[in-house]
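One chain, chain A, appears in both complexes that follow, with chain B as partner in the first and chain C in the second.
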Partner chain A sequence: MATRAATVERTGAGGARMTAGSLHPGAWLAWLAGGCVAVFLTSNPLYLSLGLLAAIGVYAAVRDTAKGRALTPFVALGLGLAALSVPFNVLTGSSGPSLLFTAPSLTFPGWLGNVTLGGPVTGEALVTATGRALSIAALVALAGAFNASIDHFRLLRMTPRALSQLMLSLTVAIVVVPQSLAQAKAVSEAQRLRGRRSRGLRALPGLLLPTLHGALERSVQRAESLDARGFGGGRPDTSVPPALAGVAGLGLCSWGAFGHYYYGASWLSIAALAAGASLVALALLQGGPRQTSRLRRDVWSARDGLVVAAAVVSVALVAGLRLAGAGDAAYLAYPDVVAPGFHAAGALAFVLLMLPALLHAPDVAGSEHKR
Partner chain B sequence: MASDAMALSDRPARPLVAGRQWPAAIASGLLLTAVCAAGVAAYAYPFLLSSLPATTATPRAGDAPLVFGLVLTLALLLFVAELTRAGMNAKVVSLLAVVTVAAAALRVPALPAGATGFFFMVIVAGYVFGPRLGFLIGSGAMFISAFAVGGFGPWLPFQVFAAGWIGMTSGWLGAAIEKPLRGRRRTELWLLAAFAGLWGMLFGAITNLWFWPYVAQGDSVSWRPGMDLAEAVQHYWSFYLLTSAGWDAWRAIGNVALVLVAGRPALDLLRRYRDRFSVRID
Partner chain C sequence: MIDVRGLGFQYASSARQALEDVTFSCGAGELVLVAGPSGGGKSTLLRCLNGLVPHFHGGTFAGEVVTGGLDTRSHQPRDMAGVVGMVFQDPESQMVAETVEDELAFGMELAGTEPLTMRKRVEEALDLLRIEPLRARRLESLSGGELQRVAIAAVLTMQPRVLLLDEPTSQLDPQAAEELLTTVRRLNDDLGLTVLIAEHRLERVVQYADRLLYVAGDGSVEEMDVRDAMGSLPIAPPVARLGRALGWSPLPLSVREGRPFAEAYGRGNGNAPLTVHSGSTPRGKATVRLAGVGVRFGEIAALRDVTLDVFPGEITVLMGRNGAGKTTLLRTLAGLTPPDSGTVSVLGRDVGATATELLADDVALVPQRPEDALYKQTVAEEIGETLRGTGREGSIDEALEEWHLEPLRDAHPADVSAGERQRVALAAMLAGRPRLLLLDEPTRGMDYETKELLVANLRSRCGEGATVLLASHDVELAGRCGDRVVLLAGGEVAVDGPAREVLSESLTFSTQVNKLMGGRYLTPEDVLARRERLGT
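After this line comes the complex of A and B, so read on.
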């Protein structure tokens, strides 16, 4: 399989990218968005535990790449902060009837906000804090899996037309990273040859400025070669209607968001949110310069469709449970802590998020070159 | 924003109404202001919704970060699209890429605690290149560096917009003081250092706001429906002091130190290239 994929990759059959390896970045994006929405929509510790397990499962399946290993400390830091949020939330003031124990307390002076640390710790506060910590940890693990598996060039190519020029600039930025690192290394070697041995903050200007100087010098040449190839020669698209439609959509969306909380959740506010967001999306797809041609196209496979469908179903299940008031999706430990309810649909929603762990395969060797 | 140090495009923007130029600039400015206001409202929702009647409120249940995250993402995309709508010339594309990658790369080698060179680079570049490019540099660098530090998550739009504001306000600062302080470089540097220190604290205060009602549950630091604005501000202040202030103080100190140590040569370097890039032979 890997050999065939590599051959197709090299010959570039029909400009298509062989997708035996990683999922389409759009599928990953849908998975991340669906996972985050599902986690934000529920406060039930049972579902959140499942969500955390699913996210960690996917993370474990995709992390074994150079990039995934480099990200491990950041994911560990995030999970550590999530764990720390439990004592923080419990010690900054617990209320509720079921007292567990009383911690020694310390009150800060007025200008520090009169906070009292410590004091009584209740079961209600502990359960609430644990639920929050689970959801933070799940979000961190979701992000970790996405970051470890995504190819940023493929992701940047998905940007809507209205942002294409900026994305071109960001793509150039990613491409010049190796150049800049090489330059920084050369500068630091040259300085060591001259016997300069400063470290820390003082060394930074000596390293940063020559490196930046070299990069800026090369950017002059790059601009000239872009100009020489006729970059930006086309007619600028300065049509105003898409921009106005975008702002109108944003206004509708904001109105829906604030109305949702001021007047209570209603179909009207949700419809305003959805309509506003669609209007903005449409404006972003319509505006901007004409799209350029592509050498290689990302292929959308059935696996990508499955992942997107799973994300959609997952969000729909959690939202449905909340709207129906079933399965304790919006679990509250107050006024008295009771065991949260459980519904199979809620469990299914988070188990479905495991799907990329089964469908993802790392990119075939040699196909991670820059395109 | 007509006084930008560097125009994004060689071409004049096509006017809205046939004839003069300024209506297009005014329309664009109004659009940017409206989009920015929506973004600010999305950050400040815990304060704007602080006097909710206790019965209707559900933000604490967890969907508020989601809803306002959506609003903010849309505002950010529209803002950037509007900034680049008239097109970018090759010089700007190339320069933007280099300065963005410099700022993004500086986010990774962390100095003690929250201090990095990221803010220094964004502030100095925004100061020299003006508010438009400043916003694009700050937001672009935050976005790019997210690939390196695993920062692609629900918090990203909030960080990107705030980083863009750093560059944009630095551009305003440059427009305000660069010419009047031309002979007085020491004053200029100290002002810039104070500005960088201020943003070191402010960045944390702004980017923690969106998840505060979600994360903080303790009674003396949490967001509650029906609390009034004063109480909300006091609770947020306590939350900020307990969680983020120490970290941000290091960042602020790092920013000030970097501006004082490396600010002058960096300003000189960027100004030299601004002049080289702005040469036009017609």
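After this line comes the complex of A and C, so read on.
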């Protein structure tokens, strides 16, 4: 009976989406952006750990409506990347006074970049590498929580025209993943039914091709159906400059992110990120007004405003700390390993990112599903 | 509404014309059945009508197709979306959104329809397809039949004047298929929508169709009157085939139309079991023995205390609703799903203790979706893979011949038509001479000709002493080839008996001919055999 009432309420509300519990996709986007920038701005392992915890906390809160999109693959990816980055960073360039041990070393010849692998491993390098690993883990966890909490289709409709093709491809890709896993299982069973005796890793090559083939075929079917339903119709989008600006912007963003990890948090990498982001924004604005319409508005509530405000404050706090040189926001393990400093403002910045966990409530559509 | 003149098309990857010099036209409000053997070009023909051919599928195109005033040569499929709506075989692969309402609004949102209009059309579509209660549901929580109705509703919100349905029921169980086709007919009646439907289950649609387009497979398309077509073509529902053999005129297309003829002929004659194959031959030792078998998936019991013996030289048909446990039972016998309780022995081997790949020497399972079974590069390789892996005796040529696949020997399994792929899967999984054949829903979307081939091949395997166990919703198939029917309900054996008894005493599980003629008749052949014996 309760679900029935909910349905009536939904339909009776003048076309507004009455999914009382879920936050506006825009608020989620702001949260993700704020979280990522805050993580980017600091290299202090204490704050980064808080950021990681915040992301996991938010995921735990939205999990009941996560529609089967588990955080597990994201956690695995994050931990894997983080775990790999530690030895990589330590072995590709250790310096500093506190020598831990000396690993066997190998120097590539000049034409391969004259890179030395191995050699002395120092405490400073280890601490720095761990900090980077934490930051990677925090970013992946933020992305995972975001993925679990939003409805991809609602996000798709929010994307500007210039990016709609890209977003659609992404959405289709997201749908393809679980289907591919099912396909892989089916193929593996078919192989066993046909007496193929290899299992485990040795069976992988034989499994990969048919699985990819199946996934591709399904994507083509979906693309065909989308074409027949009018996707991409109307005014053809042939404007090249916005596309160029977009690509250049994305390039700058990646360069900034790379610089951030390789050379440590510096104003240069942050400037590159900012410039890249503005180029992308410019490209989006130039992409022209969307000619589509919406069945239901996504309602912007006070809670969404709160989440955005929290994201902004969080970024401002971390940036403020850096500008003031307080709280060890730009922590460096060189020249000596010292315990990182700690400032309440930095902690507050990352605790604020937990806000969606408190404001999120089960979705109406979600409870409908469980009926 | 649709004008096709001199249409010809050849896929870029194919050596022969898929369609050649096709000319026909359809008026507004017609319901046209597109019939013909699988792989014959039905899907291609439908795709020509909204421009997917040649815009999405490349190839050599000739002639002219005008749908709702739009020429497909100058209009992209996406520009025609407002005039022609198309629904594909697999409902899952055409969904984009996460909830039913969003899916319905998707096309209109792209077209920039006014929100108020959009709102109205969504409500209308929800009512037309009777899916209002599903409006807020997430798509992944819907059944196949519900999804297919959502797919049609999503296309209808664009208010097309033509609806193209490409084998819309091939993924559905009979109940859902029946409901869907009834709905389509209502849309045609109430909205005056022009509907072209490619469909194999002729017994369900043929009586509603105004006309029939026969896509023969050699590139030609013939425009026919439905009754004429049923009187002359190899594809016809059982009632029409019986009427044809007995010279009934005008030819009945449905049980209802056939009833007066049946009354005159004498219903219910011959209540004694008429043996075409009634399982009266002495049984050998059971090859499959299940004792108290239970399988659970979390909270759900898929099989409950199933005790069953299956005998060689017989075709045993497993029937029952969706979710009754048919697939689970077959998977258990092939060693894919281990039983949680009870014992399963197949050909004297304990299934719980034998790996699937070792059982495969004697046991073959054909899964429901042929795509799930195939993973090699050519049809011949698919068969070779099984022979090599299982060490069963047999040759690739023999299997190709058995399933009429010689011309497709070097084709990629993904490039052949859906119907052909079913034959490839059968040939690949049943290659060699397995002693136990397990088939899961083998006739989904299968044309009559292939069904005949399947029945003949299963019969001959049985004659060689093999055991056949097939799960199916297809009552006609069970009537054609079943010796014994086991009805599962809620994971338990509900009914178990000779096919002729089970299928002729049931309200829902009886064949068209049984509904018409009563008694123990299941197929047109039964009636004719009796007639011959009486010498009339």
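Note that the second predicted complex is superposed on the first by the 199 of 371 C-alpha atoms of A that agree within 3 Å, B and C clash if a C-alpha of one lies under 4 Å from a C-alpha of the other, contacts with A are read in each partner's own complex, and residues count from 1 in each chain.
In the analysis below, a contact is a pair of C-beta atoms (placed from the backbone, for glycine too) under 8 Å apart; a residue touches a chain by one contact, two chains touch by 3 or more.
The structure displayed is predicted, hence computed values, not measured ones.
Is A:V187 in contact with chain B, with chain C, with both, or with neither (first, second, both, neither)?
So A:V187 only meets chain C here.
Check whether A:V280 is in contact with chain B, with chain C, with both or with neither, and answer first, second, both or neither.
First partner only, chain B.
In the overlay, answer first, second, both or neither for which of chain B and chain C A:G320 touches.
neither
Using the touch definition from the top, say if A:G195 reaches chain B (first), chain C (second), both or neither.
A:G195 sits against chain C, while chain B stays out of touch.
Taking the superposition as given, does A:H213 touch the first partner, chain B, the second, chain C, both, or neither?
So A:H213 meets both chain B and chain C here.
So in the superposed three-chain picture, is A:F231 touching just chain B, just chain C, both, or none of them (first/second/both/neither)?
both
Counting touched residues of chain A, say whether chain B or chain C comes out ahead.
B
Figure out whether A:G118 sits in contact with chain B (first) or chain C (second), or with both, or with neither.
A:G118: touches no partner chain.
Identify the partner contact of A:R222: answer first if only chain B is touched, second if only chain C is, both if each is, neither if none is.
both
Can you pull the chain A residues that chain B and chain C both touch?
Looking at chain A, the two contact sets intersect at 152, 168, 172, 209, 213, 218, 222-224, 226-227, 231-232.
Over in the complex, which chain A residues touch chain C? Could you list them?
6-7, 10-11, 15, 67-68, 151-154, 157, 168, 171-172, 183, 186-187, 189-197, 206, 209-210, 213-214, 217-218, 221-234, 291-296, 364-365, 368-369
In their shared complex, at which residues does chain C touch chain A?
50, 52, 55-56, 76-79, 81-82, 84-86, 88, 90, 93-94, 96-99, 101-102, 105-116, 118-119, 122, 135-138, 140-141, 154-155, 158, 334, 336, 355-358, 360-361, 364-365, 367, 369, 371-375, 385-386, 388-391, 414, 428-429
With touch defined as at the start, can you tell me which chain B residues reach chain A in the complex?
9-11, 13-14, 16, 24, 27, 31, 34-35, 38, 41-42, 45, 48-49, 52, 55-59, 61-68, 70-71, 74-75, 77-78, 80-82, 84-98, 100-102, 104-106, 111, 117, 136, 140, 143-144, 146-147, 149-154, 214-222, 234-235, 237-238, 241-243, 254, 257-258, 261-262, 265-266, 269, 273, 276-277
Hey, which residues of chain A end up touching chain B in the complex?
Touching chain B: residues 32, 36-37, 40-43, 71, 74-75, 85, 88-95, 108, 112-116, 125, 128-129, 132, 135-136, 139-140, 142-144, 146-148, 150, 152, 160, 162-163, 165-166, 168-170, 172-174, 176-177, 180-181, 200-202, 204-205, 208-209, 211-213, 215-216, 218-220, 222-224, 226-227, 231-232, 236-238, 240, 243-244, 246-247, 249-251, 253-254, 257-258, 260-265, 273, 276-277, 280, 283-284, 287-289, 330, 332 of chain A.
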